[in-house]
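Notes for the one structure printed next.
Per-chain numbering from 1; labels A, B, C and D assigned in written order.
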Amino acid sequence: MANKLKVGIVGGAGYTGGETIRLLLNHPHVDLAFVHSRSNAGNPLYAVHPDLLGDTELAFSDSIPAGADVIFLCLGHGESKKFLQDNPLDANAKVIDLSQDFRLGETSGSRAFVYGLPELNKAAIQQASNIANPGCFATAIQVGLLPLAKAGLLKEVYATGITGSTGAGQKLQDTTHFTWRANNISAYKTLTHQHLKEIGRSIHQLQAGFSEPINFVPWRGDFTRGIFVSSCITVNKSLDEVKAIYRDFYAQHPFTVVADETIDLKQVVNTNKALISLEKEGDKLVVHSAIDNLLKGASGQAVQNMNLMCGLEETAGLKLKSIVF
Amino acid sequence: MANKLKVGIVGGAGYTGGETIRLLLNHPHVDLAFVHSRSNAGNPLYAVHPDLLGDTELAFSDSIPAGADVIFLCLGHGESKKFLQDNPLDANAKVIDLSQDFRLGETSGSRAFVYGLPELNKAAIQQASNIANPGCFATAIQVGLLPLAKAGLLKEVYATGITGSTGAGQKLQDTTHFTWRANNISAYKTLTHQHLKEIGRSIHQLQAGFSEPINFVPWRGDFTRGIFVSSCITVNKSLDEVKAIYRDFYAQHPFTVVADETIDLKQVVNTNKALISLEKEGDKLVVHSAIDNLLKGASGQAVQNMNLMCGLEETAGLKLKSIVF
Amino acid sequence: MANKLKVGIVGGAGYTGGETIRLLLNHPHVDLAFVHSRSNAGNPLYAVHPDLLGDTELAFSDSIPAGADVIFLCLGHGESKKFLQDNPLDANAKVIDLSQDFRLGETSGSRAFVYGLPELNKAAIQQASNIANPGCFATAIQVGLLPLAKAGLLKEVYATGITGSTGAGQKLQDTTHFTWRANNISAYKTLTHQHLKEIGRSIHQLQAGFSEPINFVPWRGDFTRGIFVSSCITVNKSLDEVKAIYRDFYAQHPFTVVADETIDLKQVVNTNKALISLEKEGDKLVVHSAIDNLLKGASGQAVQNMNLMCGLEETAGLKLKSIVF
Amino acid sequence: MANKLKVGIVGGAGYTGGETIRLLLNHPHVDLAFVHSRSNAGNPLYAVHPDLLGDTELAFSDSIPAGADVIFLCLGHGESKKFLQDNPLDANAKVIDLSQDFRLGETSGSRAFVYGLPELNKAAIQQASNIANPGCFATAIQVGLLPLAKAGLLKEVYATGITGSTGAGQKLQDTTHFTWRANNISAYKTLTHQHLKEIGRSIHQLQAGFSEPINFVPWRGDFTRGIFVSSCITVNKSLDEVKAIYRDFYAQHPFTVVADETIDLKQVVNTNKALISLEKEGDKLVVHSAIDNLLKGASGQAVQNMNLMCGLEETAGLKLKSIVF
């Protein structure tokens, strides 16, 4: 590839911003042109992301230079919409938004957004100029359900998921106080998690008549990274038939793997992978799925979308060493 | 109370044995007469349970002295049955067995066992000579479901539960290696956990015609103590009506509390309490329940049963300081 | 004992306040008369300390009722001094202050404070009306050094200590954000920790001519409770001679135990014990000491001081079940 | 670079073996030719290292194919020596041994080993055919002390270090049981850690007359990855002078960074970096150093040595995304 992509990040001081920086700094086809953060303008990136000490001398900027090929918006929910209204970007700059502002079909001016789940929309992503990057729980749940939906087999779902503390963001909160969260488990947004809407849209895209509930109970976990979900569905197919459906669905998707063995969360932590394991008793199928909420659930998937939009290899810059232990 | 109970423990070197020792050493109405462990006979208790250093000079014994009022069997599954066959105990010694050997109506010679869940069987426990102490997940799930069963409202259940590593016992295993388990989540015995049998028996005791599945997915958590379960059931009553049913059911049970607020696991860790929280969306009820797997899920409930069998105050020796943080 | 002590807590919403509540609620000789907290007045204790749900219906008060036998001040550093100035207490109410306001000989009006380390000052505490309760690191370090000082053997000390997150208090801070602190280690206040002053005073009390530095490096640990310190000192005595010195020093102190075996932090977590282990290579002695920072390092020691001041058994209400796992 | 290096791993089933695999699979100039493991021969790598599922279909081999350019020995201590005796390798295959068998000048036949700490021996490593890769604690301590030794300023050292559980290896042990290690701290090998020998050799290489003790207390930490060390030394230079000495020493070393800010362990976890922070009070210097024990402390440094031996860029394949959270 002759020239590197000129890429910028808006909102680079948060968790997904930092994670996007980490990925882009080592991406073979990217020149990280700027990282925008009003509150940190002028400070080196490592002042906010101290693990970058020794890796880069780049500083936060307070302006959006012209000429970027791709811009990642790593802003809070509601802020991306406002940012695009207030800051007209180059018309030909591709935008990848990590917030939830455009996941349900919303537009911004002439920018229409494709829902950036490659396992669902790869062809559309390759043609897209603007991506609404999926939510973390939404990604973990969808990779576990979409093959059934495509096969027309999805029925009412009972899912429980657990997420690391990074899912709650950088802001200090009672529920991310170490003293409270260490060794603790709690439920929140029982049956009302906001990601259910984008999950519903994706399922309808594949199984139009689906009208049953996705009953989802999210838990806060006492770890920092990762999401693990177990979903229970009534399915009148054998385990082998179901596995074949899943394997077929994911045949062309390099990061999503259907395991024959039991899986655990740390197999995917610090990687862009999604792992799926299937078990069946009687007519009940249980789908376990695991991702890193900041990578396949956010920044990693965003870079994967960039790769697809820009004609790069889908895995470029995303062959990450797992933390494993 | 004039005389203290003379109490012994068989199998005192394991986790539930150690926890039972800790409770009985501080119990106001108990004289801990002996702690039996063949492999550790002669060694002080603190050689195996080093937190007891400075608390007691008692040593493990290799015999079962006569004259005990109550004997706790803290043996592995299958071993209690064998122990009672090989070691005829005083006929009037009460036995509390923490294994699963007698939970489904099994007997040993003339000894018939009452299932020792006070929230279900308090009156029978008060008259019993032998107790089959419930399983840890079984306790956490049952306290969440029994009020519905008594009201005849229980339908198919979808439950996910997470347990600390102490649930897997003292033996070194791949799944209790620190390097693997730290920051990790995994599922096991999906839909096939052995405690489903004792749960089923209890439900039938209250709602005779119940014939639907309890779909239960257990997870291994990255903490040492505690169980948290979320169970989802279709219920055609309002949340207030359901809460009233639960509060009424637990009115006479000092350790089981229905919270108005959201609950978290550490509220109960290192206590004998069971906490329940109820949420409802549409016709779906979610019951969250939390216990300490070694206390209300094992040794604490065993001591609670001893208190009931022996006419003591139900909470004697069980007002424990929570770890809380 | 005929009558229970009437005891109150000022500043009951913080960590040490909560821990003092937990201890006093179960103390056999105490009637917890009031828990003062301006900001939480009227709310039940369990609104702030949710582990107390089901244990007590007591609410926070906004006044200090007359007639208390003992008042615990669980306020921030600097606030106790101000509180005593602004709120004249009954002259015959004993005061136990958990802040650092009175540890260096400060007075408040006619109230003079005894430094409340029973291992150093038991006789004085038994006669005292006002106690300055020691700091957590100060306690852990002192129990490791005082026997040497009494023997006139203390020389320059090199100590490293690690503390749980509860040592940093309830306030949300960057260093207690779960995402940052989990699995992390960091140093702070290197060689400048504020507890060095009270340690210095105690050493001089026993070894008047001591003039060498206590070089102390504190670390933040990725756990919630406990302090572990290793101190290295040049000592020209055999290990057996040193052990004899320590054992003799602690012979009359029920909570401080010199172990023959290696020790670990969790042996003391959720107890009021201090454990000490001694190792020697050449002329270097290493003293390992471990306490629970909220108990022997704060609220537990405060209750121990109350017991001593009030003529109760030193261990009353403090035979706590270790978390152990 | 025209051709990739043909590289093999002996002992690929352990922690350092797995970590070396992970690095080499993504190394731009390496073809991972074989991974030897007698006990796992024939099984896919992901059967032992499940995080590799989806990354490679390579299987363990039971033979050592000829023609390797570089062979990593990831065997237990004592086993490398034996392996080289029993398995004559190609004379021109470079060997990098991760055990402690050759760190003190030992040879195997005609193979003489260079101690592979690039910060100490970069020029010799570039010429070497055989490398003895340093120990993990040895690396962390040495990067903190060598600049002082080169300046002739090193005096008696008092160091405390804490290590993650991966330092104890894959074998199940009481001290790596999750239930024991979670939230726990303990000391081991007080003043007698085996790495003191290799540290002593390196110091003498730079400061020939050094004859004072390195007093080192290792602690077991309740995390999986990383080492943090604080070393205290009497130094009669200003902090600025000392910083200049350290910065000068590390000017040509891409992975070792002297921070102006305080450091924490997670800045380096899952990277090959070593971070150093310096603080001074009076005449006491405290050096904090942090590495990932499996990377800069083992496999990462081994690959760094390979890069140097083979004329590759020193950082090739080692620009790793930090876990950071």
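To be clear about the criterion, contacts are C-beta pairs under 8 Å (C-beta built on N, C-alpha and C of every residue); 3 or more make two chains touch, one makes a residue touch a chain.
Because the structure is predicted, anything quoted here is derived from the model rather than measured.
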Shared interface partners, meaning chains that touch subunit C and subunit D: A, B
Farthest chain relative to subunit B (centres taken as mean CA coordinates): D
Inter-centroid spacing, subunit C versus subunit A (mean Cα positions, whole Å): 46
Cα-centroid distance, subunit B relative to subunit C, in whole angstrom: 34
CA centroid of subunit A to CA centroid of subunit B, Å: 40
Multi-partner residues of subunit C (at least 2 other chains): 15, 165-166, 179-180, 182-183, 222-225, 263-264, 266, 269, 325
Subunit D partner contacts - residues on subunit C that touch it in the complex: 158, 160, 162, 179-180, 182-188, 190-192, 213, 215, 217, 219, 221-226, 228, 230, 232, 262-266, 269, 277, 279, 281-282, 284, 286, 288, 290, 325
Interfacial residue positions of subunit C with respect to subunit A in the complex: 15, 165-166, 170, 172-174, 176-183, 222-224
Touch list for subunit A against partner subunit D, complex: 15, 18-19, 22-23, 26, 49-55, 164-166, 182-183, 224-225, 254-255, 257, 259, 261, 263-264, 266-271, 273, 275, 294, 319-325
